[in-house]
Amino acid sequence: MLAVALVGSVVVDNLLTAPVIAFLVAGVATLARFDIRLPEALYPILSSYLLLAIGVKGGRALGLSDPAELWQPLVAALVLGVVTPIIAFVLYRRVGRAGTIDAAALAAHYGSVSAVTFTVVLATLDARGQSYEGYLSGLLAVLEVVGIVVALALVRTGHGGHGDGSEARWNEALLEVVRGRSITLLLAGLAIGLIVGDERLEAVDPVFVGLFSGALTLFLVEMGVVAAERLRDAREAGWRIALLGIVVPLVNGTLGAVAGSLAGLSPGGTAVLATLAASASYIAAPAAVRIALPTASPGLYVTASLGITFPFNVIVGIPLYLVIAEALT
Amino acid sequence: MLAVALVGSVVVDNLLTAPVIAFLVAGVATLARFDIRLPEALYPILSSYLLLAIGVKGGRALGLSDPAELWQPLVAALVLGVVTPIIAFVLYRRVGRAGTIDAAALAAHYGSVSAVTFTVVLATLDARGQSYEGYLSGLLAVLEVVGIVVALALVRTGHGGHGDGSEARWNEALLEVVRGRSITLLLAGLAIGLIVGDERLEAVDPVFVGLFSGALTLFLVEMGVVAAERLRDAREAGWRIALLGIVVPLVNGTLGAVAGSLAGLSPGGTAVLATLAASASYIAAPAAVRIALPTASPGLYVTASLGITFPFNVIVGIPLYLVIAEALT
Amino acid sequence: MLAVALVGSVVVDNLLTAPVIAFLVAGVATLARFDIRLPEALYPILSSYLLLAIGVKGGRALGLSDPAELWQPLVAALVLGVVTPIIAFVLYRRVGRAGTIDAAALAAHYGSVSAVTFTVVLATLDARGQSYEGYLSGLLAVLEVVGIVVALALVRTGHGGHGDGSEARWNEALLEVVRGRSITLLLAGLAIGLIVGDERLEAVDPVFVGLFSGALTLFLVEMGVVAAERLRDAREAGWRIALLGIVVPLVNGTLGAVAGSLAGLSPGGTAVLATLAASASYIAAPAAVRIALPTASPGLYVTASLGITFPFNVIVGIPLYLVIAEALT
Amino acid sequence: MTTAQRQLLTVIAESLLEQRLIDDVKRLGAKGYSVGHVRGEGATGRAALDFAGPSVRLESVVTDEVAERIFELLRTDYFPHYAVVAWVAPVRVARPDRF
Amino acid sequence: MTTAQRQLLTVIAESLLEQRLIDDVKRLGAKGYSVGHVRGEGATGRAALDFAGPSVRLESVVTDEVAERIFELLRTDYFPHYAVVAWVAPVRVARPDRF
Amino acid sequence: MTTAQRQLLTVIAESLLEQRLIDDVKRLGAKGYSVGHVRGEGATGRAALDFAGPSVRLESVVTDEVAERIFELLRTDYFPHYAVVAWVAPVRVARPDRF
């Protein structure tokens, strides 16, 4: 009884936030062939802003945290960074019947994380008035990189040393991830938040805190459009891929919740880590994979991560991870 | 005496708001050949934001309204949507000596509405602390479409069935209006506002409420530039067209005030409906007309709606409609 | 002892504001070849916003000021507008061994001002809770123009009447400065602030006041990237030019502080005037110089103003001028 | 290098026509196209077009016949009504089957 | 299809010159032009230009004489002072009177 | 007007390749280039590329040999793996030493 009530309240709290509703409205409008795109110039601006703002929030929280409480969650994140891409690889290879290259490409996406999904779970927790460890956006940066590296390593081990230029491409892809905009903005935000410190950040709160939910809402309008367009293509990808777009985040999300509770995170923090583990990258990973594995099919990995897993997590997954986290902690 | 004092206070309250002053300053600067344009990328962003924000505001108010009080204003809006383009058509055809096609094109603009003019009247009412029915932005969406459809129907009835492809273009134009960005964003905002609801919208208030007046102010800088440029071209359009750019909104605005008071709207709401009726579209209508009536002269309709009617309404019309509304209710 | 403590506190207060830290983080990231650029479309938007917002703030303060207190600071600004470019010209010509044209080009930059440096000193004073005369942004507009005109006059006097089209270019350059976007936006903001007035501006405070520090922080990310890139080129410019990039602002800043205290400005206001005098333009001046003196080397003047003087002022100069101002008033 | 000759067709059209032009170009046999945005002036004058945003600049490398077909459509359906300008020029490409 | 030959003139110039270039091109007889924006590098180096925003890329389809005249002006008034690059190529157009 | 003939090479490539393409073009001897952005469709389909932002459109006026060299590299290193399209056409320039 109580569990059902909890699930119900969590689902409602998540579904009825402005960002999620904006996502759904935009998605439905797109499927009905209405033109709801916001101006093209807005999205890179919003996504950069969100990354910086997440970083600043995390850096600020880091400055207020006891360093001793950080290492356990960090280990948990590293373990997830190694395990989740391997799970994704095996599932897509065996169950999804994808080729090695495509499975590795998909593994890179599921091993890495989606900053927007992360932001949605924070907004949901905020809407519920539930607290979480602020420094988790530091783990976002870690997870974003590690998962991709592990996935690319999978395929490199398999195909290593062909002297076909793949090594050069591998290094290039790594640099692309580590020095790319999304990681750099996140890290820059962390540094700014940490150095400037809680008190002096108040002058920029109207931008970095006040605008956050609204900016996320606008951004999810675009995500709704893009996800709906990808969903249309999902048929081509086949039902096995589509199904795994739901199964993989469920498995990884559950693992994330377990890891979070073992690492001593609060229920909110555990839900955040679960969401991170469950989420699939659709910015950093596609860029790295396009360079390192140019023969992998973008139609496959973009459809899976953006067309299936992203909406699944935003609508169904997040409330679920919240309930699982609640149960485990 | 009292009437004069009222008019004076309304004029001042309208004129001295930041958006209207920004409009005037930008217009004057442009006429004096100063370069005051804000970056091009900003305007589509601002206009999308304003439409979404108007929608959210309206949807939120709709959620708090009694459905029973909605149908009278809705009928009033529909009547205005039919009557105002016909008035514009007749006046431009007879008094303005425009050809049938051009008159229909102009009718589409005056039958439809200007979301920015709507926004300015809201800002003026807010500045006066005067209340109005929040759901009126729902009527904005209705009026935006109906007026265009009626105007295009005017010319179609006249020229119907030529088999010259004009039917296909007519359908295309209709789709352009109904599925176009401005209506879609407005409706999406309404849906978001209605579904998320008053309380949960607070998280996005800093963006959708807080930034509203400032964003409108920035947007009116561009409108000032554009209107001033159109005003320069007004000579070519001839004095009859120019004069009607003032007469038509006065007639339609008065009708709107009458309709509003009959529908039982508050003085503020009546002024808003009057402003809607008086305003001329310069986004949705030009796009639809360009497709449906490619032989109509854009120089004519853009100059009339943007170069004459828009500044007239913003500076002189709105205070007038407020006073008329005050008198009628 | 007390002086040291004061210097220390000022340095910390300046350094640890979010904008300055953002500048440093972005600069370091760029030198380490990380890609931290925010989207290209964002910068013109931010810089226009900052200019308008500075203007509105200044106009608002102007409306609250006693006109009698304005003329002394105005005279001080005019004197600085004449003296500082001459000093820069002589130093770059003699000590820097630049040619006449290049020295005049540099003089135009150091005679004019940097609105962003101005904004940083305001943010620092705000962070310290120290007050300053709000109307100083009016002087920013004056100084921006006068310094460039004087510098271009220097070279025109020297080369006058060659009939080589340089006169036409000179006029064009002047118009470019006076009617250009940066001055126009600043003046438009002043007009809006003055006309709308303190009370009615409250509706737009969330945008023009609330977002200010955050917008400046985002803008300084770009400045950090650009300055770091210019710094890399500084070698080519030679050590004399590099050294003068520090000496000239020190001399001009000290003069500015003296002028400010003689004009009866508050300690905060004196520091602002000193910063203005010390700052080098990198928007208005390069544009004017490129037109009027096309043979001057952009590599030289952009490197000096943006690569050396801008970071120097932001990091070291501003706290110094604050201390000097404190000592003089 | 083995190359083949194709025609590079460039069309500049008022912004509203973007989707329609793309659909037509594809329907008439172009295997690819690229669109960017420009502002300009021509017979129609700037004012008439500016309100709707920048014009579309479409370029498509096509065979001679496809170029011919698209030009024919422009002549009948676009030139009489809209602000559209177009030109063709021969270019050399690798992988001729891709165009 | 009856077409005529014209010259497509492309000019890339530092951003400050945009309005001046447009004015000159129109004055020398071009009946239309389109401008977009690009970034690039050439003899001047990137640094010198970047601060003022992206370069302007102007293209104009003109008659041979107009092309000649504009090129002449570029040579005297633009090339010596500014970062400007230009080229011409023959293209085929319909409605030759429009160019 | 004394002009010389050069080749105008136009390359359209998915956005990720921007820096790499620029580096290669410069390395192979181009003395300048300009890049803008476009969206389009081709063999790869729109979906695969859109997520990463608009494609890069690079143009570079070069000598015949440099054009040849760049095309060769495109054939070996780009065409097999990435969504890239390219074409060349002769153009006339002033100041031939600049290209």
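Here are a few things to note about the model shown:
The chains carry the letters A, B, C, D, E and F, assigned in the order they are written, with residues numbered from 1 in each.
In this text, a residue touches a chain if its C-beta (ideal position, glycine included) is under 8 Å from a C-beta of that chain, and two chains touch if they have at least 3 such contacts.
Fair warning: this is a prediction, and the values are worked out from it, not measured in the lab.
Between chain C and chain E, the least number of touch steps comes to 1. The set of chains in contact with chain B as well as chain D is empty.
Relative to chain C, the chain whose mean Cα position lies farthest away is D.
Although chain E and chain F carry the same sequence, what matters here is overlap: shared residue numbers make up under half of all numbers found at their interface.
Between A-F and D-E, more contacting C-beta pairs join the chains of D-E.
Averaging C-alpha coordinates per chain and comparing to chain A, the farthest chain turns out to be E.
Chain B and chain C have Cα centroids lying 42 Å from one another. The centroid of the Cα atoms in chain D and the matching centroid in chain F are 20 Å apart.
Of all residues in chain D, those touching 2 or more other chains are 36, 89, listed in ascending order. Touching two or more other chains at once are residues 41, 44, 206, 210-211 of chain B. If you draw each protein chain as a dot and join the dots that touch, the picture is not a line, a loop, a star, or fully joined; it has some other shape. Across the whole structure, chains are in contact as follows: A-B, A-C, A-F, B-C, B-D, C-E, D-E, D-F, E-F.
Those residues of chain C lying in contact with chain B across their complex are 41, 44-45, 48-49, 52, 179-181, 184-185, 187-188, 191-192, 195-197, 200-201, 203-208, 210-211.
Of all the residues in chain D, the ones that touch chain B in their complex are 14, 16, 20, 45, 47-49, 51-53, 81-82.
Of all residues in chain B, those touching chain C in their complex are 16-18, 21-22, 25-26, 29, 33-39, 41-42, 123, 126-127, 206, 210-211, 213-215, 217-218, 221. The residues of chain F lying in touch with chain E in their complex are 1, 3, 6, 8, 26, 31-36, 61, 89-95, 98.
Note for the complex: chain D touches chain E at residues 10, 12, 36-43, 55, 57, 68, 71-72, 74-75, 79, 85-89.
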